[in-house]
Structures are given as C-alpha cells and as structure tokens.
Amino acid sequence: MQSMPQTSPTKWHLAHTTWFFEEFVLKKFASSYTPIDERFSYIFNSYYNLVGKQLPSPQRGLITRPTLTEVREYRRHVDEALFELLDSDVPAGNDELFNTIEIGLHHEQQHQELLLTDIKHLLWCNPLKPAYNESAREPGRAHCPMRWHAVNAGLYEIGGTGTSFCYDNELPRHRVYVHECEIADRLVTNEEFCSFIDDGGYNRSELWLDEGWRMVQEHAWDSPMYWERQDNSWSTFTLHGQQPMNPHEPVVHISLFEADAYARWSGCRLPTESEWEVACQSLPIEGNFMESGSMHPVETNRSTCMKQMFGDVWEWTGSQYRPYPGYQVPKGAIGEYNGKFMSNRFVLRGGSCATPKHHIRTTYRNFWNPLARWQFSGVRLAREGNS
Amino acid sequence: MQSMPQTSPTKWHLAHTTWFFEEFVLKKFASSYTPIDERFSYIFNSYYNLVGKQLPSPQRGLITRPTLTEVREYRRHVDEALFELLDSDVPAGNDELFNTIEIGLHHEQQHQELLLTDIKHLLWCNPLKPAYNESAREPGRAHCPMRWHAVNAGLYEIGGTGTSFCYDNELPRHRVYVHECEIADRLVTNEEFCSFIDDGGYNRSELWLDEGWRMVQEHAWDSPMYWERQDNSWSTFTLHGQQPMNPHEPVVHISLFEADAYARWSGCRLPTESEWEVACQSLPIEGNFMESGSMHPVETNRSTCMKQMFGDVWEWTGSQYRPYPGYQVPKGAIGEYNGKFMSNRFVLRGGSCATPKHHIRTTYRNFWNPLARWQFSGVRLAREGNS
Amino acid sequence: MQSMPQTSPTKWHLAHTTWFFEEFVLKKFASSYTPIDERFSYIFNSYYNLVGKQLPSPQRGLITRPTLTEVREYRRHVDEALFELLDSDVPAGNDELFNTIEIGLHHEQQHQELLLTDIKHLLWCNPLKPAYNESAREPGRAHCPMRWHAVNAGLYEIGGTGTSFCYDNELPRHRVYVHECEIADRLVTNEEFCSFIDDGGYNRSELWLDEGWRMVQEHAWDSPMYWERQDNSWSTFTLHGQQPMNPHEPVVHISLFEADAYARWSGCRLPTESEWEVACQSLPIEGNFMESGSMHPVETNRSTCMKQMFGDVWEWTGSQYRPYPGYQVPKGAIGEYNGKFMSNRFVLRGGSCATPKHHIRTTYRNFWNPLARWQFSGVRLAREGNS
Amino acid sequence: MQSMPQTSPTKWHLAHTTWFFEEFVLKKFASSYTPIDERFSYIFNSYYNLVGKQLPSPQRGLITRPTLTEVREYRRHVDEALFELLDSDVPAGNDELFNTIEIGLHHEQQHQELLLTDIKHLLWCNPLKPAYNESAREPGRAHCPMRWHAVNAGLYEIGGTGTSFCYDNELPRHRVYVHECEIADRLVTNEEFCSFIDDGGYNRSELWLDEGWRMVQEHAWDSPMYWERQDNSWSTFTLHGQQPMNPHEPVVHISLFEADAYARWSGCRLPTESEWEVACQSLPIEGNFMESGSMHPVETNRSTCMKQMFGDVWEWTGSQYRPYPGYQVPKGAIGEYNGKFMSNRFVLRGGSCATPKHHIRTTYRNFWNPLARWQFSGVRLAREGNS
C-alpha cells in the first residue's frame, strides 16, 4: 500500500530495484535475456523518461498484481540472469557493465532506506498505530553539552576523489573557498527543540523562511512529524510503535524549514555543504546505521571531537542542491539519476539510522524538497567564526 | 487497496458489514458482548456521525492492520455472538432487534454489490488489466427491436406497502399523478450508444445538462467508463478482463449525464421514478442478477412485454432523490442511512447484474451522484404519450 | 471587478444584457445592423454554447477595456438600432421577434437583481466594508406570530397559463397531486434563526443533509452569510453598510442546506414548489421589491392571511429543479436559457427585495445551487397536515 | 484589477509604495503625523508580518474603495508629511531615518517595474489584447554573432562595497573562488530560441530539470510566455500590443526552467551569479532601461566586449538565492525585505527594459521563483573554460 504520493509500497521497492538491473544491465549486456513480463518495464520504472513512459508514482499503490510471490519470482529470475552474465566471458574488462552494476547496488541500498521510511509513514497513517518492530527500545540516558568545532578560512577541495565509488553529483572534486566558521560537535536534541517550541517557535513568523511560514500555517505544523502531545508530555511514533520522547536523542523528522527556523532562533545558522564536508574530511565512517537495528537516532556521549556526523539523522545543510563546477551528466538514461533534481532541493549530509553503513561517504550528497519530513532528517548548528 | 475515494478495499467491506451488527445489534441488545477491539468502532464506521467520529473514507486503503485473517476472526466473533443472542430468551417479540438485524442483512447485500464494483475499478486501474474471473464469457447473439409500452395518465400509488421489508426511503406509500407516457420495453444497447458517439454525441453541448457538459470537457469523456477504442473497434473492461464489445448487450457504466444526453439525442427522455414503478408494478422479480455469475449485463430476446426491468443494470431515472410526502427519518443512528443524501442524487431503479436477487424490489430506490460511472448503471428510454 | 467566479462586474452586466438584444434580435431581424465591435460577441456571451465560445466566467473581471464609457456607447448603439427596427415595417406580426424582445427585457430584469447582489458581495469583500447606499435604514419594530395555512389534498394545476408572459420552464401547465399540508403564513425571522444557532444548530450533524454538513465543516459556516458577531451581538452587512441585526426581519443569505437544517430543527420541512404555488395562486403580487428602495428584506405586521410570499427573500423549496411533464426546450440558442441547469439546483419562489416588481409571477421558478448564499434567499416553513 | 495572485492592481502599487513611507518613516520619526485612514495600514501592507496582518495578496483586486482619486490624495498627504519632516530639525544626523527613506525610494523603483509587468499581464488576459502604449515600435535590424568572454580561475571579491547604497542581501562583500569559464558577450535571441523550439526542445525530457518538465506538461508550455503562432510565424504581445516577432531581439518572458533547458540544449549552462558579477565588475551601467521608453528588449550591434549586461532582460543565473557568508538580517520589520525568500528562488542579474536606470548595480541580486515568466526575464549562456 501507498500512504502518500511521495512514498511507495514495499512490493514496489522490491520490484523496482530489480527492474533497474533488468533494464540497465540485462537488456543491454545479456543478449539472451528474456524478461519475465515485458510490462514490468512500464510499471516498475520510477522516473526514467528516456526508458519510456512510467506508471504515475501516486498510482503505485494500485498494482495488486503481480502479487508479492510473483515479485519475488521476478527478483529470483533477474538475480539468476545476473549471475549467469557475470559467469560468462563477456564482462571481462567491460567497465560500463561493472559500473552499471555498482550503481545498481547503491541504488538498491537507497531503496532499503526508503523502504523503512515509507513503512513507518504507512503504519503511522493507521489509527491503530501498529509497530514495525514489536521489541521494546531501551532509551539511553547519555547526554553531553554541545561544543563548537572551528573551521579555518581557506581554499579547500571537496567532492569525490575518484579512488572509490561515488555518484556523479559528487564530481568533479573542486576547489572552494570556505569562510571562517564553527560547527557544533553534535546534533540538536529533542530537549533543545522543545525549548524552541515552548518559546513559541512555531508562532513567530520572523524565524521562518517565507515558504516555511506558509507550510506552518497551511498544515498547522506545531512540532516535528510523528510527535504527539498528551497531558503536557510528548511521545513520538517510531518503528517500534508510539514511544515516550527521549530528551537527549537527536530531533528527527523535521523539514529544512524547521531546521532553519530552529537555527535562527538559537542565533546560529545551518552549515553549508562545503563547511560540513570540510569539517569531517578526516573522520572515520562510524555511527548509528541501519545495521545497528535501532531504527531510530540515539543519544550520544562519545568523547570524540565530532559526534554523530554519520548515521542517526540526515543533516540539513543551508545549501541548495546544484551541480558542482564542471559537473557532467552521464550519458543515457542512467544520467537521469541525479542531475534533473537540481532545483528546489536542499542538500543533506551524513546518512541516518536507516542508511546501510557501506552506502555512506564523506562526499555523499543527499537532497530533498525542503518541506519533506518523513525521512530521518535532523539538524546540526553552525555559526560565523569568532561569534 | 483503495483505487479512489469513493471505493473501499475488500477487507474494509468485510469488516464494515460486520461492524454494523456489532454496533447496532450487539452493543445494544447483547448485554454481555465484548468487542474484539474497541478501535474497530472507529475505523470500520462508514459515515454514521451519531455513532462517533469516522476514519475519513479516502483513508480506508491505509489500514494494513488488522490483517485479512484478523478481519475474518472479527466476522466469526460477531457472527457467534449474534447466534448466541438469537438463541437466548431476550429476543422473543423484540421487534426493534429483529428489524435491525433485517436491515443489517440488507446492508450486507448492498456491500456485496459494492465489493464487486470496487474490485472491478481497482483491477482496471492496474495497467496490467487483470481479470477477477479468468473464465471466458460466451457473448450472446440474441437481439430484439425496441418497442414502447404505454402508461396511462392517472392517479397511482407507489412506495412500500408495509407487507414485507423495505427501506425507510420507500415509505410512505402515497398517491402520485402520472401523466400519459411510453416506456421502452428494453434497455439501450451498446450498438445504439455507439450511434450516439458516432453522431458526435460527446461533442454537442446542446445535448447535455450544463454540469454534464463540464464533466465531458474536464475529464475528456468520449465514451462510457471502461471502454477503449483500438483500430476502430471498441473493447470494454469486465470482471472477466478486457473483452470485445458485444453490440447487443445493454450499455453500462454511464453517468446520469450520459444517460440523459443519449435520451435527448434520441428524441426521448428518461422515465421518472413514478413512471418506472408504475410500469413494473405487476411484474415478477426476474432477471440477470449476481447469482447468474455473468458479472456483466447480457443481451435479451425474451418475449415478455417488459424486458430487463430487474437486474442487468441500474436504470437512471429523471428524478432527483427526495423524500416521499410524509417521509419520516427513523430515530437514532440507523436513521442516517437514507435521509441525509437527499441532495444532488438521482434515483436509479431495478438492480443490476451485481445485485443479489433477494435484495431488489419494485419499490427499491437506489441513488447516486449524477456523475458516478463505476456502478453497473445504464439507461431505458421514455417519451411523452402519443408522441 | 469580480469578487468570485459566480459574480460578474457591473460593467459586464450592463454589456451582457445589451449583447442579448444584439445577438438574438438585431443579428437576426435587422438586416442592416452593424455591430460596434465583432469581438463583443465573444466577451459578453455568458454561457450560450450555440452562439459560440465564451470568455470563461471567472475572467470577466479582467476586461479593463472596453471602458465603462465604451460600454455605455455600446448600449446606446444597440438601443437605437432596436428602436429603428421597431419603427420599421418588418416587425408587424412577427411573433418571434416580439417574443425574443420580451425575453430580452425579462433577462435584463434578472440582471438588475444580480447587479445588486454582486455589488453587495464585492463591497463586503473589501475589508473597509463600504456601503452602496449611504443613507441610513430605519429598522421597523413590527412583529407577528407565525400561523399555519392549510392546503387540502387534491389534484391541482400549476404552471404558466399562456395568457401572459412566462419562461419556458414554467410550462406546460399540468396536473399535480398535492398531499394535505400546512404552510407558514410568514418567513422565518432572524430572531428565530438565532435560536437555531444558540441551540447548536451548526454543530449537530443529524440536522443536515450530508452535502450541507460537509459545507459547514469545510467552510466553517456558523451563521448566515454576511453575519458577524461582536461582543455577543450580531450585525449584518447590507447594501447600506454594516448594520445591527433586526430580530424581526426575515433571515436572508442562507443556503438550501441551512434552510433545510433549520426546518428539520423546528420539526418542520420546506414546502415543495407545488405546495408553494398552490398556496398563493389567488394572491396578488404585492411585497417588498426593488422599487421600494429598501434593498433589504423587512419585517411584517400585515393582517393578510399569507405574508411575504412575494418580495423580501427568495424562498427555498424542497424541490429540485427538474422539467415539468411534457416540457419542451425552445429551439435555437435561446433554448439554452433554462433547460440545461436541471441538475443539482433547487427551486426558489417568490422574488426578493432586489427583484423588479414586474418580473415576478406566481408560477416563476428561480433555481440555484443548494450551497449558494449571496442571493437574497430565505426560508418559509411547511409541515404535514394535521401535525 | 488583478490578473493573477502574483500581480497587483496599479492602484495598489501606488498606495503600497506610499504605505512604506508612512509605516516605516512617518509613524516612527514624525511624532505629529496623523494617518489619513488607519485601515490603510492593513490593506496596503504587502507581506510584512511584523507590521501586522495583511490583506491576502490575491484579494488586492477587490479593493474598489478607496478610489484612485483617494489613493492619489493619500500619496499627496504622505509626501507632504515627508517634506515637512525633512524640513524639520529632527533629521540632522539621523542615519536610521535617512537610510529608511533611501530604502523606500529604491522600493518604489522596484514597484515602478512591477507596475509595468503587471499591466502587461492584465492587458494580455483581455481577449481584445489592448496596447498600453499605442505608438508603433520600429523593429531594428541590427545583429551580431555571439562571442565568448573568458573568466580566469581565481579568488575574487563580490558583493556591495559599502561606498554607496545597496540592499542587505548584497552584503557582506566576500571572497569567492571562481573556476575558469567563458560567458557569452550577448543575450540569446528570439531566432536562436526558435531553433530550440524547432528542434523539439519543449518535447525532450532530457533537456529539462524535473520540475521544469512537470511545468511543461501541466501547462502545455511550448514557447515563451506571450508568444503566439499563427500560420507558421510567431508574434508576441508587448506593451505596444501584439507584434510580429523580431528575430534579433533578446528572447524574453522565459522561466528559469526554459533558460536552463535552452542552455543544456546548446551544450552550455547558465552562469553562476559569481561568474556573472566577476564578468562585469568593470563595466559601466549602460543599457536599455525604462527611461528609453522602448518597454521591450532590443537587438544590439554594439562593439563593446560585453553587451546587454544591464537593461533589456533580467538574466537568470544558475545560482539559487541564498545568503552571502556572514549575512545579517536587518533588525525590525524592514528586515523582512530580502532574507525570508531564500528558498526556491533563483538569482537574476542586470535589470531589464522596465527597470529605472538608477535602480540597478553590478552587485544587485534579483530573485524569483524558477517558474515565473511574466517578468522581463531572459538568458545569457556560459560554458566551462577551454570547452
């Protein structure tokens, strides 16, 4: 089932990630491949115009057939053909083939995350509020004060180095001048965000971007998505069901507008994506990822200089998503992947608790519409240097 | 799944009809009854405001839990409690109890029909166009010319007689003056409707009610719902899948506006509901109902004076749905059943190929928004007397 | 200016009524007539599809040119051509010509009323709430209790007699069986309607038709249009500006849904149009019309048996607007006048304080969408006989 | 009158610019000032939430009163009070007062431009297509080939210098690293844009940003706004009325999406705002501004190195509108001016044929929603260095 136009049914995610391999790998490189059903090319295409017409995304929930069993058969069918292809003589030295498969694997990782965020939204729409994972969570008590990490002004290089896989939108690696600034060493917590709410944050137009203020009024936003207040205390819907709010966990499920308003309220601002990347270039990729099984961001009391840069929540930056200088769109339909969304999106960095660990990188650029809230999105503060 | 706001998922129909018995019978008459889940009272209420708030109908598709298995358990639980109640001492002579159960049974029959029309719509939304019933249909060749049946002017009585069950909106039986007119002895066929299309019927504003003309333009209507033209021949989607159109079958899945425009084009008009009822007061309830298994209207070559008055398709009348003189709304929530829809609905008569045979009566008043097309709705012509 | 899609600018009303004479009289009967501007045929056509395409009605407010001066010149030009035609030899005995001119005059009277209701709406949209007529109103103190007037059951004739002008939708005169009932001898007053409000009328779903209840919730209706509550007392916007509410004046600017809910709340119902017409067949056409200059309904203390049947407010009936038995649409574009609106409209009877006196008749059938509130529409009660 | 929510009536522009002086200057600095009407503070406020509630902008067209005469009286009243204030002792050395007046003057210049673009849109909505300026235009024949101007890689400074007036969003002046690139020496012409159209530009999804492609499909865009094709040749609506298209004039009235798609089609891209500013830092402010009276962009055959950088059309850049590093929102309501629109806007540079000459600067940052087309907006190409 599909709970809103932006989400997709679980069955569709399963089929679409397989469709990617069928369409871009098998149809191109496996000369003897026979599709299980030609019509899947239409119904499981997401938005690749160059591949042909697509089922409009709000109608993905209507595909009662093929059934889940048939989709699993489809996945098996394509997997087998892929293994066969890889065992054949063809691929030796075929860079395009291997590159496409690599993209397909990363693409599937992305959908592993979406699958969880979409299920969460669907279950929340059900007035019975069922849990995805019935096992209880043990909320932690750890907490640490926020400290500032200085970034010196200067010319830096950001973007993919070409030594390992990255998406086209992380290229080319290029120079950028970064101004002196400071970046918080941890994420903003629920407790801190509550202070914003208690201070009338959602009622003060001067804290908001104009479009954000309109959202607040049209949709009566008064707290992050999934929050619910009862008898003066907050609870929140998680993949473990409705839970009391843990004050020290990172705030999550906020739009860019809420992240931005919170930052303004606290006398700070959001980091740009350059600042963010520069601040973590030397850090190891460690954090609370999908593999932890927490399915929710967690509090931190680590002693490292920068905390929660990876995992937990995607961090909204103050940078709109635009091409890097010299960016080239890859040829063919695969090139529709990243370039065409470069308007009205803001960049998010660092991955979340629903991101597979091996999917994330320092240079990774995620991007969403600034009003999106159903992803695991949160906020880290920045401010001018010497402020 | 739910394919549009006006339809409901199969699982919801199953649960809602059971909810009716729980809410109006068990909670009232079975003192020891314990609901399986108190929250079902909310999610399976359709539109009874007096019972409490309801899940908005467009969100019925979001209830992934309870599962189908749990809904079946809910049905079993309620059925058992009902049998227990009927076996107890309480009911003897309790007219209100028996009346409510009787309404509940008729209510369930209505949903048996909706269940089929909603499934048909859902399967049609799937670009793969799967069939509900895979077995082939043998299209008939029978055909007979249309003849006119005269109705004499005079005072008549219409409405429920009180000797057997009827809904409140069929009461009270009352006098009505009917003017001299003639009514067609059979339904309009696909072939006849094609002549209307070929004559530019969908492009000629003068044939349409103003609201109908707006629908034609906004939704680019150019044929009945479920029709598709390919290489100059029509096919139509049925519960047996996509099928070539049978010219002699009754045209079906048309709105009031199309029925009305067709009638005007042919120099006739729609019968009023009084005329329709007067014309069939002495006829037996026979026809192509759900029990035939055809799941589609069929052609006729019967020799009876009036053909297809019952079953096949609901017949749009030219009467807007309003209360009969002296109509009384039943007390309590059960009274929300029929009275509150008495604006912007037209009356349809006679039942369809998806209606259970024992559900229909001569006096039965069905009613839909004039733009509805996903029911099995068709048209029978009438004209002034001596015309 | 145009304050909503349903209203028209004053300048447009002035031009459109003249367009009617140009299009249906001069272009047809005055062979030497030369239009002042061929394009007026497009921009001043309201909804006559057979005459050609029209400017969409919500865009009437965009016609800054021609200017008001030019429109007045257009009116003078057409008037002169009409007088010339009437002075010529042609018309003698030309029934079609005279009939069309007669319709054109009645058409212009209708727009005289709309011109006032549209101006009222426009001025009300202005937060400065300017008055159309600055002179003060002297609110009356008269008041009389409501009495019931009995209508006997029987066969009656209603509709135009053909002895004087009427619209096509009032024809043919025909028999109708009316059931015994009683009709209130005066209109419902503001004071009475306030009791409905104070009793929670706008919050009780069981009093409302389903569509009406949706309007109440979507638009947060809590009182008639133009009403405003301040410090526990009501005032209302009139063509004389904002005024304290006079408790004994008829309630006005209510939708069919509000009229119907009020009637249900008071244990009564709306009269059908047959009942209404039968009840006033012998009454003279007297009342508070446009000519009185009041521009608002007024209280009554007349001693006549039936009061306020004509003038003051259009009275919602419980009858949806449908053709009379044997109704014939006039040939040609003029036939688009009344027939095509015969769905989702309710009949209103009796004229209002903005209706020219010579425009109204006992058999006159006005019709509006049941949610319309900006006309001078009110309510008179009826109930079953012997109730 | 108001032709769409984004535009305003002429009368409103006249009153709103005066309101700015009343609200921010007189009410603050002129202790004895008496407003002509307290309610103007509400109806002529555009979007300053901190000043109080505003009339929703789509309703500006409804203010029939005050009349134009009264608005002129309002302007005179405020002007006199301003002169009186400036003649008094107060202002000497009052920087805040003088700064606010200066902003008010620039604010009024902006509305002088909007006044023309809004009138153009309104007249175009009228099917009679009247001209604002009846005098004929003499289309020029000049034409020159496009050449590329190189920008060297390096650290540059951009933004206001503080030596003369600029808006807050042009501050602070700051360093930026610019990559090697080339910028076209003139604007894209109608003839060139026609080649894009003829090459199927509006039908090829791969040329468009995703949001742009959606606009193309939803609104059936197939050419710039105001263009009309008849018998295979294009004409365009101008403030001089409908005119044949001049192939050598700059293309105008295109959205960011069209500018971007055109650039992609031609193998180039849009310049960033940094590149644009760096490329013209040494140029004099010369061009086709409002003062020329042309009211439309004109062709060029100047021999200067960079042509049409100022005037003619606002040039879409590839930069989304975001704050400069270290940007500070001014205190108070005046600070609502620029900062709150920093999402989903793209920067435009250089002014247009409707911009007052003294309003524009090299550092000026205009910003619009990427789908806006009714401003005088066009496109200049850029490409990577050595390409």
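As written, the chain order gives the labels A, B, C and D, with residue 1 at the start of each chain.
Just so we're on the same page, contacts are C-beta pairs under 8 Å (C-beta built on N, C-alpha and C of every residue); 3 or more make two chains touch, one makes a residue touch a chain.
Keep in mind that what you see is a predicted model, and the values were worked out from it rather than measured.
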In contact with subunit A and with subunit D at once: which chains are those? Just list them.
-> none
By CA centroid distance, what chain is farthest from subunit A?
-> C
Would you kindly tell me how far, in whole Å, the mean C-alpha position of subunit C lies from that of subunit B?
-> 35
Where subunit C and subunit D are represented by their mean Cα positions, the distance between them in whole Å | 47
Using mean C-alpha positions as chain centres, tell me how far subunit A is from subunit C in Å, no decimals.
-> 58
Junction residues of subunit B, two or more chains touched = none
Classify the chain contact graph as line, ring, star, complete or other.
-> ring
Taking all chains into account, which pairs touch?
-> A-B, A-D, B-C, C-D
What residues on subunit A touch subunit B, complex-wise?
-> 1, 3, 39, 42-43, 55, 59, 61-66, 122-123, 125-128, 130
Enumerate the contact residues on subunit B facing subunit C in the complex.
-> 47, 49-50, 155, 174-177, 179, 181, 205-206, 208-213, 256-257, 269, 318-320, 322-323, 325-326, 335-336, 340-344, 346, 370, 384
